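Paired with subunit B in one complex and with subunit C in the other, subunit A is shared by the two complexes that follow.
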Partner chain A sequence: MKKYEFNEITLLQFICINLGIQVSVGALSLPQRLALKASTDGWMAIILMWAITIAASWIIIQIMKKYPDGTLPDLLSRYLGKWVGKAVALAAALYFLYYAYVVIVSTILYTKQWLLPRTPGEIIMLLFLIPAYAIASKGLRVIGRYAEVVILLSGWMLVIYMESFRDAYWLHLRPFFKEGWYPVIAALPEASLSFIGFASLFILYPFLQNKQQAFIGITVSSTLSMLVYLFTTIICFVYFSPDQIMQYNDPVVTILKVIKFRFVDRIEVLFISFYLFMFSLSWITTIYFSVFCTSWALGKQDHRGHLRILLFGAVAGTYFFMPTEQQKNQLEDLLMQIGIGFEYAFPVCLLIYLWLHERVLGRIKR
Partner chain B sequence: MSRRLLVAFIVLAVAFMTGCYDRVDMENVAFPLTLGLDLDEKEDLIVYVIEPVFGEKIKKKSNEIAVKAQSLRQARGEFDRYSMGVFIGRQIQQILVGRRVLQHDGWFQLLDVFYRDAKNSLTPTVIAVDGPVSEFISLHSEDKPILPLFLNGMIESKSSYSETVKADLQDLHHQMFEKGITPVVSEIKYKKDVYLEGTTLLDHKGVYAASLNKDETIFLNILKKKSDIAHLSFNIPGVSAESPLVTGLLSFTVSEADTKIKTSFRDDRFRFEIKVDMPITLTERVFSYHVEKNKKDLEEIIAKQAEQKMIKLIKKIQKAKIDPIGLGLYARAYEYKSYKRVEEHWGEALSGAEIDVTVDVTITGSGPVR
Partner chain C sequence: MVNLCKGDVMRFLDKFSRRKYSSAREEGRQADQDSISTRLPQNIEQLHNLFPEAPDLIIREFTIKKTGELAALAYFKGLSDKNAINTSVLRPLQFEIGHDNQDEGFALSVGPIQSLNTWSDIEASIFSGESILFVDGRLEAYALDTRGWPQRAIGEPQTESSLRGAHQGFVETGAQNIAMIRRYISNRELKIKELKAGRRGATKISLLYPGDVAHPEVLKELEDRISQLDVDVIINTGELAELIEDNPYSPFPQFILTERPDAAASQLLQGRIVVIVDRSPSVLVAPAGFTAFFQSIDDYSTRWLISSFIRLLRFLAFFIAILLPGLYIALISFNYELIPIKLFLTIGDFRGRVPFPPFVEAIIMEITLEMMREAGVRLPAPIGQTIGIVGGIVVGEAIVQAGVINNIMVIVVAFTAIASFILPNYDMVASVRIIRFLMMIAASMFGIVGIVVGMMILIGHIISLESLGTPYGSPIAPFRLSDWKDAFVRLPLWNMKTRPISARAIQSKRQGSSRPKGDGK
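Now for the complex of A and B:
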C-alpha cells in the first residue's frame, strides 16, 4: 500500500527541493573558507566533494530501494523494530531541526548585517517564519511547487556575476596544485557543508512519483549545486587576490559591491533580499522534515500541530537568545561535523548492515 | 473561528511588525560627495567633505566642512555637528588623499570604515593630490560644475583613454593586499585650476613611491593590459626644421594593444620577456613624409621609441622597488616556488629582475588623406 500517495512530487519538484536545501547560506562564504584551506586550489575540492556526494546519494538510494514505499523510519522499524525506528525518527528530526536553525540564524545575521541592522532578531525570525508556516503546513507538494517557482525566479542572479569577469585576473588560479594534493583534501570538509542536505532522500524517496528517477534527480540537483558553487567560487578567486580573499567574510556578496548600474545603487542589497527566497527553501523544507519525523514518531497524521509548536518555540527562543556571528560559525562547524556523520558515514554503515542482515539472518526477521 | 483568528493575526502583524527600525528619511541626511584626507603642519589629520546643497535661495551649490579627527568615523561625528542632517557615506564619489598623508604608512587603515560598515559603498575613486587637499576643497569655479561631479567626469573620461587609472576602493584593497602588485591611483594637482597629472604609484605599504605623467601612465596601462585605446604623440627624428611650426611630431591612436609576458627564473633572478603588439592609426602629421613608401621604417622608429620609453618606465619602477604592473602575479603563476620565497619583499626581488621589452608596431591606417 502506498502511504504517501496523496502528496507525491514530480521529478522537477524533487530536483528543486534538493537544490534549494543545498544552495543556502553556505554558498556566500564558501570561497573564503576554501581559500583559507587551499588558496586558489579550493575549487578542486568542490568537484571532489561533488563526486563523493553523488556516491553517497547512490548509497542512500540503494538503502531506500529495500522499502520503496516508506521513509527512513518506516524502513528501520521494519528491519530493526518499532523503537529503533522511533529513535532514528527523533534523531533525524533533531538533525533537520538543527540544520534549519543554523540556516535561519545565519540568514538573520546576514539580513541584520546588510539590510536591517537595527531590527531585532526575533522580529526578523517572525517575519521569516510566517511564510514558512503558510507553505510547510500545506505539505510536500506545495513545498515542491514553491521550490520550483523560487529556483526559476533566481536564475538571473548568476548572470549579474558575469559582470565581474571584466576585472578578472585569471593568473590568480595558476599554478594548479600549488602545495600538492594535501590542501585540497583538507578543504573537503569545508565544501561538504555546502553539499549536505541530500539526506532529504531519506524522507523524499517514497513521495517521488517515479522512483527509478530518484538517482537522476539527485544527480541533477547535486550537479547544479556544484556548478553554482564552482561558478561563484571561481569568480571570487579570479576577482580577488589570493592574499586578499581571506579578508572578506562573504566574498560572494562583496564582489557585488562595485557593480554599478545607472539605475540602481548598492546592488548587493537587492541581491541579499533576493537570496532570502533561496535560503527560505532551505529552512522551510528542513523544518517540514523535522515535524514530519516527530509526527511519525508520535504516530500523528497531521504534522501541523508540531509545526506550530516548533515555530512558536523558535521565535520565543530567539527573543531570549540570538547567536552572535562567532557563535554562528561554531554552529556551522558543528553542523558540518554532524552532517558528514549523518549524510556520508551513516548511509554507508546502514547499507553494510542491511546487506549483512539479508545475508546472515535471511530476508526479514520480524 | 479560525478565519477570524487569522484576520486578527494579520491585523496585529501589520500593526506591530513593520520593518521601520531602519528607516532613514531623506530630509534628515546629508550626502557628502567628496571626502578629503590631509595632514596639517602639525601632522594632525584633517578630514574634508563636500556636500551638495539644494535650495532655491542658496547661491552656493556646495557646502564644505573641514574637521580635525583621528579617524573617519570620528570625523563623521564632527561633521554631524555642523550639519542639518546625519552624514551618510554611501554616495561618496571620490576620496582625495593629500601627498603628506601618502608619505606615511598606515593611511590605508583609515579607510577601514568603508570595508567594515556594510552600508558604505566600495565605489568611490581614490585620487592622490600632489599638494594640499584644501586647495581643491575651497575651490569655487563659477564656470564649472561642483568639484565632485567635475572630478568624476575627469577621471572617468581620462581613464577610458588610459591617461590615468580609475581605482575604486575595491581595486585599492586588491592592490594593497595582493603581494605581487603595488597600488596605482590617479593623481591631480593644482595648476591654476584642477589639473590631471597622471598617476601616483604607491609601494606595498601604501606609501608614496613615484608619480607618472600622462604618457608614462599610458605605457603602464599597456603593460598592465588595461588599455583599450590611447592617444600618443612621438617626435620623429630627422625632420628638417626650417619653420618653427614644422616639427617632427606624429600623433597616433593605439587601439587594443596586446601584451604578452613570459616568466622564467634563472641564476637566482626573475626574468620577464615582455612583448607588446601595438596596432596604431595615424591621426596627425605636421611634417611631410611619405608614409606608404616608408611604412616599415616609420613602424620601426615608433617601435624603438615606445620601447625606450617603456624601458625607462620599468627602470623607474625597479628603482622605486615597486610593481604597479603586477609582474608578481606572473611570477606566482609560473614560478610559484621561487616566488613564494621572495613574496614578502617582492618589490625588492623585482628590482633585481631582468626585464626585456620588445615592441612591435603595425600601422593599420593613416587616415583619409595621403
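Now for the complex of A and C:
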C-alpha cells in the first residue's frame, strides 16, 4: 500500500528541504553562541555535532526502514497501536509547530531590526504567512520545488563573505584546544540548535522516490549545512577578535557591515532581505509537517483546513503576544532542549524498543 | 458510389419506406423530416425552409445532359469557389455527355464527392463551403468540394517577426496551416486528430503530434479537455486556451500561442502537441513550461553564444520589468540606506521638487506608459506616430520640468518599458505588466520586505502551476539539469541530443552527434 505516491519528491528536493530547515534558526547567531561557550575553539563543535547528526539520522532511517511506506505515526500505530500513533502525531505536530514558531518569530525580529522597524509584529506575521499558505496548501511536492528554487537563489550569499577574508587574522584561531576538550563538548548543544530539523525524515521518508538514497540525501544536506556553518563561523572568528565576537548578537550579519560595494551601501540589509527566502523555506516546511501530523491524527485527507486554522491562530496570537529579543533567545534555548530530546534521544530509544519488540514478539510467535 | 437505378424502382422503395415509417410514429416522422426526399421540388422547398432568410444561398436548377435528369445545385455565395462551380460542376453536367461506358457517377472534375442523405449532414457541409447537388429521383444528395471562402494571402507573422526564421505565418484556414507544418515535418509519424467543438458553428480543431514521440497521457488529457467543451463557437485560439488551461486564475499563460509554422514544427519535434483551430491564425502548443516563453525561433538560427547571451538578457529583463518600479518605491520610501550616499543626494535633490509620494509618482508614470502602449497597439499606423510624439512629451523633459515627476522615475519607467519589450512572447509581457503593479503595491506597503514576500508568492505560484499535468516550473523546479541546455542558455545544437524531459516525450533521442571530431578528414 503506497499512500503517498502522488506527492513523491526527488532526492534533490529532499536535500534542499532539509538544508532549508537546518540553515535557518540559529544560523546567524551561531558564532556568538559557540564563542560564548568555547571561545574560538567553537568551530570544532560544529564538526563534532555534524558527526553526531549523521549518526542520529542513520538511526532514524533504520527506524523508518521497518515500515518504508509510512510516516512515523503510521509506523507507531502499527507497532504500538492506534492511540500511541495519534499521540506521537500530535506531539510531533507540536514540535514542528514550535520549530516553525521560533523560526518565524526570529525572522520577524530580524525584519523589525533591519528592515521594518516601525511595522507591528502581527502585520509582518500576516505578511509572511501569505506565501506560507500559498505554498504549504499545495502539498509536499510544491514545497520540494520551492526548496530547489530557494537554494538555487541563495547560493550567491556565501560568495559575499569572501570579501571579508581580506581582513582576516588567522592567529585568532590558534592555539587549538585552548582549554582542552571540555569547552568544545559544552558547546555541542549550542551547535545542535543549528543542526536540528533532520527529524523531517520521520515525515519525508515515505515520500522519497528512491528510499535507498535517504541516507545519502540526509548526509549531503547535513554536510552542506556543516560547511556553511563552518565557513561563516570561521570567518567570524578570524575577522572579529575573540572578545569582540561575544558582543554581537548576529555576527554573521554584523560582519557584512564592513563590506562596501560601490553600487550598494549596507549590503547587510540586502542580505537579510534575501535571507528571508531561506527562513521562509524553514517555516513553510515545518508548518506543513505540523498540519500534516494533525490531519493524520484526526484522520483527515485534506490538510488545508488545519492550515487555515493554524495560520489564523498564529496571526491572532502575535497580536496579543510578540516575543522580544530576550524571549526569543529563551524560546531558542527551549527549542534546543526539546530538539535534542526529539531528534537525538528519542530515535535511539525508539530503535532499541523496536528491536526488543521484534525480538520478544518474534520469540512469542515462534 | 452513385448508383443509377431506374426511377420507378426508387419510387417504389420510397413508398415502401414511407409506409414502414408511418407505423413507427414519432421516430419515423423525425427521421422522415431529417432524411431527404427523392423528389427534387420537395428538396428545394425544404432547403428554403431550412434557410429561410439567407439571401446568399444560391439554388441553381438545371437538367443533366448525360442522363436527362432534373437537378439542383445549392451553395452559399462567398463560401464556395464560384469558378470551380461554374467550370467544374455546372459546365460538365449541363453540356457534356461523357464517355459511353461511364454509367455510374458524374464526370465531375472536383475532388472528393460525398453522398449525403440527411438534412443535418447537408447543413454541415453546405456551411463548410461545399455545394450540394440534388438529383430528382435519388435518395441522396452529393456534396462537392468547392470550398473557397475569403482568404488572406500568407504573409509575415505580425506579432512574432524574426530575422532568420521563415517569413510565412499561419493563416485563417486550418487545412493550410496543417500543410505549412507538414512542409517542415514530412514524416508519416506526424499524426493528426480531428475534433469538433462548439454548438453553433462546429469549429474544427486539429491536434497535431508526433505519433512515436508525444506522450499518450498528455495527448489523452488534451483530447478529453477539448471534447468536453460546451460552447457556442470558438472564434479564436486564445479562447480555446482559456477554456482548457489548468489554472485559469493565474496571470501566466500556460500554453504557447504562436503564428509561426517553424516555431510550431520545432515544438512538435520536441514532443509537444500543436492544436490548430480552424479560422484562427495562431496555433496552440502544449504543454508549455515557464522558460518556453523566453525562447524565440531566432535563437536556433543565430550563433549559440549570441543567442545564449540574448536569452540571459531576456531573463534579466523579466526581473527588471517586474521589480524595477517596485524597487524604486521601496528604496525611496523605506530602505534608502541601501542607496550609495552620492546617488541618494542627487535623488533627494530631484525628489524635493515633486509633491507626490513615490508610489503615486510611479503609478502615474506606469499607467501613462501602459496607456501609451495600448494606444499604440490598436491605432492605425498613420495615427500611431502621434503616440510617439505625445508620449515623448509626457515621458520626457516636460513632465520633469513641470515638477510632477522626478528624473529618476522617468529613467525607471523607460528602463521597465525597454525591458518588457525584449520578451519575445506577448502573453508573457502581458502578465509581467500585471505582476509589476502588484509588486509596486507590495513595495509601497512594506518596502523591500514586500518585494521579497511578493517574490515568494510569485515563485510559489509558478512552481505550483501545471500545463496539461506537466510541471510549469521545470527545468528549475522540479530541477532537471538535462533540460538546462535549452532553458537559460542555448547550448550548441550538437549538445541537444535528447528532447526536453518537460515535454514528456516517450522517445527521447533527438539526434546523434553529427559534429565531425578531430581535425579535417
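Assume the second predicted complex is superposed on the first by the 361 of 366 C-alpha atoms of A that agree within 3 Å, B and C clash if a C-alpha of one lies under 4 Å from a C-alpha of the other, contacts with A are read in each partner's own complex, and residues count from 1 in each chain.
In the analysis below, a residue touches a chain if its C-beta (ideal position, glycine included) is under 8 Å from a C-beta of that chain, and two chains touch if they have at least 3 such contacts.
Bear in mind that the values here come from a model prediction, so they are computed numbers and not experimental data.
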Q.
Which partner chains sit in contact with A:240 here, subunit B, subunit C, both or neither? Use first/second/both/neither.
A. first
Q.
Quick one: is A:162 in contact with subunit B, with subunit C, with both, or with neither? Answer first, second, both or neither.
A. neither
Q) Which partner does A:134 contact after superposing on A: first (subunit B), second (subunit C), both, neither? A) second
Q. Does subunit B (first) or subunit C (second) touch A:116, or do both, or does neither?
A. both
Q: Could you tell me if A:126 is touching subunit B, subunit C, both of them or neither one (first, second, both, neither)?
A: first
Q: Kindly classify A:266 by the partners it touches after superposition: subunit B alone (first), subunit C alone (second), both, or neither?
A: both
Q: Could you pull out which residues of subunit A sit against subunit B in one structure and against subunit C in the other?
A: 115-116, 119, 127, 130, 265-266
Q: In the complex, go through subunit C and note every residue touching subunit A.
A: 334-335, 337-341, 446-453, 455-457, 459-461, 463-464, 471, 473, 476-479
Q.
Quick check on the complex: what are the subunit A residues that touch subunit B?
A. 113-120, 123, 126-127, 130, 167, 169, 171-172, 174-175, 178, 240-244, 247, 254, 257-258, 260, 265-266
Q | Partner subunit A, residues of subunit B touching it in the complex | A | 13, 17, 19, 21-22, 90, 115, 118-119, 121-123, 168, 170-171, 173-174, 176-181, 326, 329-330, 332-334, 336
Q. What residues of subunit A sit close enough to touch subunit C in their complex?
A. 10, 12-13, 111, 115-116, 119, 124, 127-128, 130-131, 134-135, 138, 142, 144-146, 148-150, 152, 262-266, 269-270, 273-274, 276-277, 280
